[in-house]
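Before I ask anything, let me first share the structure, which is written out below as structure tokens.
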Amino acid sequence: MKRIAVLTSGGDSPGMNAAIRAVVRKANFHGVEVMGIYHGYEGLIEGRMELMDLGSVGGIIQRGGTKLFSSRCPRFKEDVYQFRAIEIMKERGVEGLVVIGGDGTYRGAVGLTKKGFPCVGIPGTIDNDIPGTEYTIGFDTALNTVIESIDKIRDTATSHENSFIVEVMGRDAGDIALWAGLAAGAESILIPEEQYDIDDILSRIEHGVSRGKKHSIIIVAEGVMPASELAKILKEKANITTRVSVLGHIQRGGSPSARDRVLAGRLGAKAVEVLLEGKGGRAVGIKNHQIYDYDFEVAFTTKHKADLSLYSLSKELSI
Amino acid sequence: MKRIAVLTSGGDSPGMNAAIRAVVRKANFHGVEVMGIYHGYEGLIEGRMELMDLGSVGGIIQRGGTKLFSSRCPRFKEDVYQFRAIEIMKERGVEGLVVIGGDGTYRGAVGLTKKGFPCVGIPGTIDNDIPGTEYTIGFDTALNTVIESIDKIRDTATSHENSFIVEVMGRDAGDIALWAGLAAGAESILIPEEQYDIDDILSRIEHGVSRGKKHSIIIVAEGVMPASELAKILKEKANITTRVSVLGHIQRGGSPSARDRVLAGRLGAKAVEVLLEGKGGRAVGIKNHQIYDYDFEVAFTTKHKADLSLYSLSKELSI
Amino acid sequence: MKRIAVLTSGGDSPGMNAAIRAVVRKANFHGVEVMGIYHGYEGLIEGRMELMDLGSVGGIIQRGGTKLFSSRCPRFKEDVYQFRAIEIMKERGVEGLVVIGGDGTYRGAVGLTKKGFPCVGIPGTIDNDIPGTEYTIGFDTALNTVIESIDKIRDTATSHENSFIVEVMGRDAGDIALWAGLAAGAESILIPEEQYDIDDILSRIEHGVSRGKKHSIIIVAEGVMPASELAKILKEKANITTRVSVLGHIQRGGSPSARDRVLAGRLGAKAVEVLLEGKGGRAVGIKNHQIYDYDFEVAFTTKHKADLSLYSLSKELSI
Amino acid sequence: MKRIAVLTSGGDSPGMNAAIRAVVRKANFHGVEVMGIYHGYEGLIEGRMELMDLGSVGGIIQRGGTKLFSSRCPRFKEDVYQFRAIEIMKERGVEGLVVIGGDGTYRGAVGLTKKGFPCVGIPGTIDNDIPGTEYTIGFDTALNTVIESIDKIRDTATSHENSFIVEVMGRDAGDIALWAGLAAGAESILIPEEQYDIDDILSRIEHGVSRGKKHSIIIVAEGVMPASELAKILKEKANITTRVSVLGHIQRGGSPSARDRVLAGRLGAKAVEVLLEGKGGRAVGIKNHQIYDYDFEVAFTTKHKADLSLYSLSKELSI
């Protein structure tokens, strides 16, 4: 291979730039050129790409977001656009593609690979919900953003002896809620993977009050219900007044943490290695500290599982 | 005077602890003891107070919130509770009171002073809306929290070329929105002091698009309207889709900035000086870098004015 | 067991408070009381301990340092002091001890265990150098502190086109230098585990210059040599002027990262479980995401190994 | 005027990018073009400049360092280079120049103005030492960086009951030491403006010890002496062991604070206004919250004075 390409797609996550940098530098290290494709699959279809040299990825390792921009591209599900994409890449001398994103991003890569164009996927999403890898790029940074926010909210909660419900990202995966809740010492954590129990939440608040602790912090993953809805339930069921904070999009941004940058570096380099070995249709991931590659199918046919031992631990530590 | 007391009341703000520390240390420096009253006026009525020595304010200068807790105490408007408060303080040998908070807090202090008990007020609120002082303790920290959040949101906005509406605190005062908007390079800023102009907002977004900049950040003070309402208006009027972020209570917390800590130290020390001079019914503030004291009436009879030159500047710089 | 004790010893690390909190809460969860011993083994010998209830560990999960204070206690190597420590603990009804610290801390715990008093060790050190566990509490926070500092130094390095040598902690273990160097995109990394090669460092600087990049960041672990010495060598060998930054003690402090808090929670809980099972002479650690316990001997007889695949990766990515 | 230019020179400071952005946007607002000169006066002599449009200053308001690079250029003192600079600017149609930097930077601008080319200076330095302006761009950010570092050091100091000497920037001006020392609650502060008194430092440490506080933090401005020298003195005079931390170049970097960004925006806009009014030989500054311009001579003939009331306050609050 003489030239490969790289794109980012779907929701952005901190560390995507570090991954792009690693792809470019690792490829250059092996004498392979890299084209950067702008705006994900949408830009690919339209041929928006540019050669990236070492300088083009200078000073981006610490930046949030993605230098290559991202987008959602529903029409890329259609074969016609996938064929066009392959045609365009071939015209530009591109022989393999690295995609960085979530499972939606992987589906596009599967389509291209099936049509004969080798693609490798790097897991970039704050939700940590890609099967086959223990961590995704951006998850660690998002966790730190969430706990810094909760630390601030706790200042106010403690001073006023108020209870707060903090809503964090996670439609199907409770990883952010679970880890951040444990790290922030939340009294209750609600995740999509576990049935919540209003009586347990109430008894935890009341137990705190009984020992003189009048504030309480409850974390809820957006996939369970909006924080405002939970507030309404607590009000109706037990006349408990809570304040609500929806952390929202600040969770996607920010300078990536050390872990996310190292993970991005390792996965980016591995993705290039896989392509250079002539393999396609593979995702790269981390398992027991080892970087490895696996068939995209694993990402579609298995289900990501949050570490529920953290859930029981959080219950024991938040008595 | 041999002994004074200090309390925090109303919404908490970063730097209140630094102010408490300064009150205790400055008083101790002059050989005067300080009682810390817990939970604001509510705790005062109930006699919840304790002697604070130098060690009791060790390691708090950098902490958000208030070590003395805060509360709202509507019944303190009634004379009967004010008389009770004075009685309790006299029993404990307290001869003067420093209150830290916003204008609601000042009203209680006026009542006590009128009944013969000297009180001095320190402006502690993130809203920067106390007449007579150019800055309040907590404003600078809140600004930095807001711009760090917007910097994160910008990562995502840029990567996805989305527009965001960010709602910040400020019911009557637009200071947070104005300063943070200017500091974050927001395209439009909506504050209670100025009539907003939807057409201007739209033309700014469109002008950005016309020169290739597809994302835009709009800051709205909560006193103008909820961010979600503005989003609806933009959608209806011009079919522009925006994402919404309500920063909420994270704005009240966090370790105070250098400016807020220095301001808290200076105002706390001044408050003690004023009491020791035998004066009551005074607020302390900063004007042209000088710390001074003024009659509480100034805080009630004049109106805080945001620096609207920043508003016109922001319009010129966000073309 | 009805009552156990906990102490922190040796160099402090961010997350020690989160570990103390977990020990207290997990023990309380099982109906076991916890005595907090102040000032490590020194305080133990002198009987400085206090019962810790749930409230005593409230609001500490996010704090750097250790609420129980730490100290070095060379005389604790002597049997006479270990016997005295056991006597004191028995007098207070303490039946087991959790120690948090590095390998020096573990040695004291081995002595006590051999004399019949069950002890369990939790790895708390930023250096990540305890054999038997993949991560120690504080390492992740230290990494993030280091990369934030390097990100700041890079601003200046880039603007002025200067080269910087940044000295980080790590006498025998290069983990901080290695991970932080990779995460910060350093041009060269010097660690105790690998022989450095001045010619390679020089050729990396020169290669950067040849492609127009005039600044360069070199990370050196303190165990290799002081940054100032490396600066002298570069000056003498190639007339290259570098600026030097010794990060120093800021690396030990700060609010713990999400990872460190979660790790502290898991290890703290496990340590209590091990004691309650009647086991002593054990360290707790993490391996492949599983929390487990192992004989203290492992920590003394094996050697921690940095992941040197990161070292070769850093060389490939910093071309 | 149809076209002006802007450069940054001397030591960089956080907020320089925000100032560049303001210059470009304010000029564009008035229909005036801006050339960005790279590498300060050195680049000017060599004609390294480029037209900056609105997009060229997008996404830089939050970045440390300077997008235009900086350098020191000793030969610019010579008339021949100043004439060459003017010639080059005239060739490119540039009619006025904005320089951002410290007093060395201002001297070059004075030379150009005297030769008939109008220049305006913006104070960009972390040292806060430019006469005629109360604040310089970068000072506030540096303060916050310093206190965050001291907060981390305090974690370790408290846990180990050690004393620390922290060396901060400031050769002739003690502003950083003074403000940061007050904000961080340092026990002693040594600044170039005041004779230090070792006995006072010792008695403060001892007084702390006598009331059970065994750690102490001393801030020393680099202009007084190196921290290591002070440590030696304390060791020799009173056998007090201290640890030393030299904060160094991290003080120059980092994302600018809200205050610095707002100040940069205001000063940048004012500089353009002054040039457009046809004035040269002026510096812009802030006094009592008003932005104004003044003759460069003020910066050379008067002396910056630190607010020494903060010094006495710090002594009263650190008893």
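Just a few scattered comments:
By letter and in written order, the chains are A, B, C and D; residue numbering begins at 1 in each of them.
We take it that a residue touches a chain if its C-beta (ideal position, glycine included) is under 8 Å from a C-beta of that chain, and two chains touch if they have at least 3 such contacts.
Please read all numbers here as calculations on a predicted model, not as lab measurements.
With rounding to the nearest 5, the Cα superposition of subunit B on subunit D corresponds to a rotation angle of 180 degrees.
In summary, the pair subunit C and subunit D forms a contact in which both copies contribute largely the same residue numbers, shared numbers making up over half of all those used. Centroid distances from subunit A, each centroid being the mean of CA atoms, peak for D.
For this pair, subunit B with subunit D, the centres built from the Cα atoms lie 28 Å apart.
We define each chain's centre as the mean of its Cα atoms; on that basis subunit B and subunit C are separated by 39 Å. Rounded to whole angstrom units, the spacing between the C-alpha centres of subunit C and subunit D is 35. Counting partners per residue, subunit A has 151, 154, 158 as the residues that reach two or more other chains. Taken chain by chain, the contacts form a single closed ring in which each chain touches exactly two others. Here the chains touching each other pair up as A-B, A-C, B-D, C-D. Those residues of subunit A lying in contact with subunit C across their complex are 21-22, 25-26, 28-29, 53-55, 58-59, 61-62, 134, 140, 143-144, 146-148, 151, 154, 158, 179-180, 182-185, 211-213, 255, 257-259, 261-262, 265-266, 269, 288-289, 307, 310, 313, 316-319.
Considering their complex, residues 8, 11-12, 14, 16, 63-66, 69-71, 145, 149, 151-156, 158-161, 164, 243-246, 248-250, 252-254 of subunit B touch subunit A.
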